[in-house]
Each structure stands twice: as structure tokens, then as C-alpha cells.
Amino acid sequence: MTNRPNDGASLDAEDRAAIADLLYAYAWHLDRNEPEEVGEVFTDDASLDYGPEFPTIIGRRQIVEAVARGQREIFTACSHHISNVRISPDGPDRATCTSYVYSWTQYRSGAPDGDMWGQYHCRFRRSADGWRIAEMVLRVAGMKNFHRGSMHPIGRRP
Amino acid sequence: MTNRPNDGASLDAEDRAAIADLLYAYAWHLDRNEPEEVGEVFTDDASLDYGPEFPTIIGRRQIVEAVARGQREIFTACSHHISNVRISPDGPDRATCTSYVYSWTQYRSGAPDGDMWGQYHCRFRRSADGWRIAEMVLRVAGMKNFHRGSMHPIGRRP
Amino acid sequence: MTNRPNDGASLDAEDRAAIADLLYAYAWHLDRNEPEEVGEVFTDDASLDYGPEFPTIIGRRQIVEAVARGQREIFTACSHHISNVRISPDGPDRATCTSYVYSWTQYRSGAPDGDMWGQYHCRFRRSADGWRIAEMVLRVAGMKNFHRGSMHPIGRRP
């Protein structure tokens, strides 16, 4: 990658590592119930779409509050295992990424633990502070005992 | 890696990223039921071994047809989470790789969802079109409600 | 990363790949029941903490014996899926790393298979032979049918 002309749309190994690390930081702080730190991986104006049952969350402050509420009201523990990270340049200081997530969730309600097999579809933007997540959409291949009724599908062909 | 002499058997960061991405593309298109696109990650003469119950599939066209048939007849949904990617050079424009896969599978038959904990053992070849998978063997550490009787073992010592 | 001044505390792409590979080698040899080879990813004086029910294991020879004993007495099969690898420099020839592990375990006792969702918190040291794990602590977010009573927690806020 270092030999590619810098056309404003390439990503070097450091960019790719920094972008993947945002996803891992998201999981890390989510699983540790640290909503403020979850917020820090997003841009100020980021959107986070856990829908379609919930409206898209817009803005870092709203993301922090939504994460805090979920952890306070729904979860006692969770673990988000992220893999299959695929990053593409999307213009100068922009990138897109798809990744897989396998999550385990324990509920305050005492309901059976939930499993979810899904994907994060993200857009990233580089600011003076470094790369941040500008958009995250959760898409789901399958669920078991998960606390949600419907989720955005991964787009599997019938 | 960029400082290594190019002895025809080294892999730089870009090669490694491209090779790992083939595995992620395989999972992505498999899970989206896109057999043609699954075929595109393989060389024309690639072999794919899901055995020992099935004969090794030889050739991209045959891989596409086998994937299409499996998705049409057996699966309604699946998610292949790939990790532990270890890549080694194997001569000029050649590489080998082992990776882990944790897969979740939902069946058309209505049978309980299946889990599989396994490994992909692969060989890669670089052509004018870039890196492609030349050989893939699925080896399995464990299964739960999986639709297969026997699988190639990972080679655990007794 | 190649443009950073070498202040003795930076890690290039090759270092990061070598460090992540140690975790994958640990899983690979553990799952294949190869205790000697598990030992080789650690420094001579490494510590391995699967506690708090067990005392921290100190030294490569003791690690090999503990792994051999566990595989001989407890496990018939296992698969350790490692993801979310985050590596930081920690001074010259030193690094720290957190990673996630999702493990599946089959027991000699015939008990139901176990799942574990956890994290490896590690320190690494570079010697003349390359990078090695100097310290590994297993922390756990959740368990299902796992053979352990209590584990080091991941540090989730209440």
C-alpha cells in the first residue's frame, strides 16, 4: 500500500489498523459499560442505527445516552466478538467498512442469555483527532434468545 | 516487511491484507447466498474440500454450483465468523493460511440451528487478477446440531 | 507507522503481525493438544493466570505441564477463536495487548459442552528469538456450562 500514489483515497496499514481499532474500542467499552468512552469512538454528528424497531440515534451525546440506558435497563453483561473486518477507501479521509459481530448477552430480566450473529456496516471520517465512526448500522443474520423482535437483515438473497 | 529483500517468498502487509480479505469475501458472499461471487475468490482450477462425506469439488464452476445447491436445498441463513488468520509465504506468488471459523447455520428443514467450530486450511496463488484461493479444506474441532456426520478433523493429538 | 521516529516504543506492521500471531499460535497448539508448542510462545519466565481458582503459573516449563495436565484430564476437544486484537507499545521491545476469545470446549467427563466469552490481557517481550508472551491473564465476561466456578472478571462497571 505504501507504493500506491496518494490520490486521497488510499489507506495505508496504519489507517486500516486505526479504523479496525475503533470497532474493537466500541466493543471494549460497550462490554465494560463505559458509555462515555463508547461515545468517543464516534464523530460528534455520528448516526447509529440499531433499528428498525428503534429510530436511528443521531449525535455522540445521544449515542452515549442510548448506550447508558441500554446497559442500565437491559444488560448485566455482554461480549461483542468482531471479525471479518473489510475496509475500503471512500474518498479523501473517508472509509467504509463491514465487519462481523458475534455477541453474547446476559439480561437483567433473568431471560435466557442471548446470541446474535450480525454485521456492522460503518462509515469512517478522519478529523484532526484521528479516525472516528461517522455511521454504524447493525445488520443481523440470526438471533437466539435475543431481546429484539426484528433487526435490519444482512441482505441475503432469497 | 517492506525492508525484506524480495526473494520471491515474502509477503508484505498489502499481500497479507488481500489474502485475509479473500476469506472474508468467501464468508460474505456465502452468507448472502451469492454463489457466483463466492466463485470469484477462487482460482479457475481451485479445489474445495468439505469432506470426507463429499468428494473434493474441483474448479470454480463446480464450486459455484455446489454452493448454490447447498444454499438452495439446505440453508435458510448462515454466518461465518473468521478469525485467527495465519499467513505464510510458500514460494513466489504462493501463500498458505490457516484460519478459524465459527459458523451459525439455520436449516430449511426446520432442524435446530447448527454451530460449527472449525478451521479453513488454504493455499493461495497470485495471478494477474490478484490473489485467489487455490485450495480450501474445512477441518472441524466440534459441531452442535450441525447437518454433517463426519468432518475432516483438525488433527488434535489423542 | 513506518514514518514514526523510532523512539524505542513504536511497533511497525511486522511487529503487530508477529504479536497477534503468538495469540493464534497459542490457540492453535492448545486446540491440537500440543503443550510443548504452547510453551514456545511464552518467555522462559512467563506468567499465565487462569485464576482466581488456580494460582498463577510461573515459567514456561510449568505452563507446559499445566496445559498438558488440563488436556489430559479435562478436555477432549476445544476451539479458541481470538478476535478484537488491540496492541500498544510499552517501551523498547515491550508491548501490551488485549484480545477477545470465544471458546468451545468438550469434556472428558461427558458434561455438556462449554462456551466461554472472555479476554486475554497480555504483555509481550522481544528477545533475540523474536516476540514472546511474557504475561497472560484470562478475564471472562460470561460462561455457559464451563468447567470453572469463578474467573477473573473483565472489569465491567456495575
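Chains here go by letter, A, B and C, matching the order in which they are written, and residues are numbered from 1 within each.
Note that in this section a residue touches a chain if its C-beta (ideal position, glycine included) is under 8 Å from a C-beta of that chain, and two chains touch if they have at least 3 such contacts.
From a predicted model like this one, the values you see are computed outputs, not experimental measurements.
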| item | value |
| --- | --- |
| Relative orientation of copies subunit B and subunit C, as a Cα rotation angle in degrees, nearest 5 | 120 |
| Self-contact between copies subunit A and subunit B, residue sets same or different by half | different |
| Between subunit B and subunit A, distance of the C-alpha-averaged centres to the nearest whole Å | 25 |
| Per-residue multi-chain contacts in subunit C, two or more chains | 2, 13, 81, 83, 102 |
| Touching residues (chain side subunit B, partner subunit A) in the complex | 2, 13-14, 17, 21, 23-25, 27-28, 31-34, 77-83, 102, 104, 106, 113 |
| Interfacial residue positions of subunit A with respect to subunit B in the complex | 1-2, 13, 16, 81, 83-86, 98, 100, 102, 115, 117-118, 141-142, 144, 154-158 |
